[in-house]
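Two complexes come next, and they have one chain in common, chain A, joined by chain B in the first and chain C in the second.
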Partner chain A sequence: MAKSKPIIIKHVSKSFAKQQVLNNIDLTIEPETIYGLLGRNGAGKSTLFNIITNRIPSSSGEVTIGGQTVTNNDELLNRIYLMSEANLYPSRMRVKEIFKLTAQLYQGMDMALTQTLTKQFGLNVNTRFSKLSTGSRSIMKLIIALAVDVDYVFLDEPTLGLDANHRRLFYDDLLDSYAKRPRSFIISTHLIEEASSLIERVWVLQGHQIIINGSTEAVLNKGFAVTGPTVDVEAYTKGLNIIGHEALGNLMVHYIYGELNNDRPIPDTVSISHIDLQRLFIYLTNQEVATVEN
Partner chain B sequence: MRIKAAFSYQLKNYFKSFGWVYLWSVAVVVILPFLISLLLGRINIYDISNYLPQLLPAMILSFYLFVFGGISYDGFKLFIQNGIGRKTYFFSKLYALTIILVVGEVINVLYGIFYHRFINAKKNPVMTFSVLYGHYFNSAAANAVSVFIITILFIACIMVTGMVIGSCLGLFSRRMQRAIIVGAPIVLFVLLAVLVMLNDQTSLKMTWIGDFLLFIVGMGNQSNTGHFVAFAPMLSGAIYFIVMLLISYRLTLHFRVPR
Partner chain C sequence: MQFDFNSTEPLYLQVAEQIEEAIFTNSFEEGTQVPSTTEISKQFHINPATVLKGMNILVTHHFLEKRRGLGMFVAAGAHAKIREKRQAEFYDDYVINLVKEAKKLTLPETTILEMIKRGFKNG
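After this line comes the complex of A and B, so read on.
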């Protein structure tokens, strides 16, 4: 199978009435890569997904694949699937009919995988869509997302309403599916800790713009926790990009994003460690202290 | 464009719902009165021609195409979820409804022949518009074809009217839609009342509006019923159809989800 072309998002902005949601977003979504789109509530993650999948128009800018715009372009839209909270399937349609319809309107669907996943998750395919619980709706959409034949799968809060067991099952199935048929997954989630092991590249959306765009490894390598007595920590981190801090009595933790000053000797009383993606995200998106250097 | 897959899905669904609408209509218009007559012991005076209107299939078809032509946004939602854009959605719907229109009209004609032969021969002709245009040409075949075309165009105009209303409503939120659905008939009623009042004061027949209305239905000065100009409704119908179709298309291109 020929490798698909990347999705190019060029200068995309979006405003609703006078409220700006996205400002001049430039991104490239490479084939066969798992992305994580992180952002706080209302940051514009769903809006960005909706623009990429042509559900809503952008105020300016464009989304293209291979030089062609995705707007009303079936050939391109048919290579993209968006799983979101929005329930766009007919409420009276049964799950099995929705699977059949998806296979018909998309260029194909792995029906064997659909059956396997349906059994694994215990989803009753004879149930009407309107009768499904929030979790079951998510499961149904996730099964479609994993089984449908597309090059780009956008997952907007994929684990909404799923219990811990089902979430684990989903992450395993996603990796399994990715290994068998590599394609791009773009995951927007608040459960960063759970999803961090899947994500190859990270985007952080904050203040209407992408403030972080890099490989997960590179981003994590720039995140540090400097712990020790307050005076020593403050002396060591002076001039560094402090994105957050915590104090406990005389002890202080400074969270740094960026390079450390290698010329500056590390005091014996101070320890330095890397921080996880979730903590890094929390401090990066805390607007009071965070400044970002990509 | 994935028009084939979209069209085949739409057509299958439309045929299914069209069948259901037929079944329900026959049940309500024919079977229910029959059962009531049976229960009341008046079956001996039950006459099917009293209950079976000749225009029943035409009314069902017009009603169906107006309503299903108007259901736009739900179809769009489903299609965009399945990677199919607005243009393909619009055209697949138009093609599928056009097939329903032609099939429905053929049923109307066959029913009309059946009705004329076996149920009530004295009443209307096989095709209703024959009353107005059935003698315009000298050839009976030409008259039959022209009346068939006029009937199809008439129902097609009803269909595109539904499509425009539906695609217009599709741009608004549910709350706004409810307000429009309640408010629009009131506004139209007031407009109609004003027109009637105006008609009392200065007869519309004397104005350009009256002349225009007579022109678009083909009622020339010398025309008698049955001899109206058949080309006039064909032309006006075609223009109305194209204009409404363009409006509906442009509105459909503005659909978005969430609204």
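After this line comes the complex of A and C, so read on.
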């Protein structure tokens, strides 16, 4: 099969009744890549997913694949699947009926995989949708998302309500599925620590805009913790992009996102280390105004 | 193999180090196939591109070799090469820090040398 073309998101903005949610979003989603979309509660992650997958219209801007808009384009939309928190299924429908219905909508759904995964997760296919717990609903939706034959899978909070064992199983199945049939997964999650080793590229949505867009490795490479006596730390980090700080008596930590000043000697009393994605995210999204240069 | 996801060291370097260590301890013997990118990716929940990047470092060092259509194998002589590499890095990795810490603690050179001798005797 020929490699699919990237999804191009250009100048996408969205307002709900004068309330701006997204402001001029530009993104490219490459084929066969695992992305992580990070953002605080209410940052607009679901709205962005809903626009890319044509569930809701944008206020301005466009989403295209190979030069064609995805808006009401059934052929392109058949290559995209969104697993969302919204519960769109009739409440009395049974799990197995939902699988069948989805298979009719999405050609080439892997029914054998749905059977394997329902067994693995211990999901009863005879249960009616309304009787499923939050976790079981997530499991059912995940099984569908992994089984449909599409090029782009959007997973909005896929691990909602899943216990640690089931989350582990999901990451196993995701990577297994990705290895067997490489395609793009775009995952929005609050469980940053768990996701950071899975995602090749990371986006951070904050203040209606994408403030971080890069390979996970490159982004982590720009995050630093500078620790030492307050005076020395402040002298060293002067003019750098300080995104947060913590003080313990006279011991100071400055968190930096961006380049360090290589011309400046590091005082003996100061130590510098990298920080993990979760910490980086917390400081970047705690700021009143995030100043990030990509 | 063990990965420290909270470590500040890039994950692909950790992948390279862990496989190197497994070769050095003969967990992966010369001439045998090492686990595939997919296997490592699945087992440790690491993006396959990251695993591949780590493995390619070892290919560059000639610790691993790609066999077309088959996968990655431990290269002949890899064990000796790893030892050479680590011997070459020993001064930078251990001695510099040892001396730095000794100076911080005002421990004289003679005391350190005695300690090293004691370490060899007891080790």
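By definition in this document, the second predicted complex is superposed on the first by the 291 of 294 C-alpha atoms of A that agree within 3 Å, B and C clash if a C-alpha of one lies under 4 Å from a C-alpha of the other, contacts with A are read in each partner's own complex, and residues count from 1 in each chain.
Definition applied: a residue touches a chain if its C-beta (ideal position, glycine included) is under 8 Å from a C-beta of that chain, and two chains touch if they have at least 3 such contacts.
Computed from a predicted structure; not experimentally measured.
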item	value
Contacts of A:Y106 with chain B and chain C, given as first, second, both or neither	first
Chain B versus chain C as contact partner of A:P90, first or second or both or neither	first
Chain B versus chain C as contact partner of A:A147, first or second or both or neither	neither
Touched partner set for A:E193, first chain B, second chain C, both or neither	second
First, second, both or neither for A:I25, with chain B first and chain C second	neither
Chain A-touching residues of chain C, taken from the complex the two chains share	3, 5-6, 8-12, 38, 41-42, 44-50
Interfacial residue positions of chain A with respect to chain B in the complex	50, 53-57, 71-75, 77-82, 86, 88-90, 101-102, 104-106, 150
Sites on chain B touched by chain A in the complex	1-2, 5-6, 8-9, 74, 77-88, 253, 256-258
In the complex, chain A residues that touch chain C	34, 168, 171-172, 175-176, 178-179, 193-194, 196-200, 216-217, 220-221, 273-276
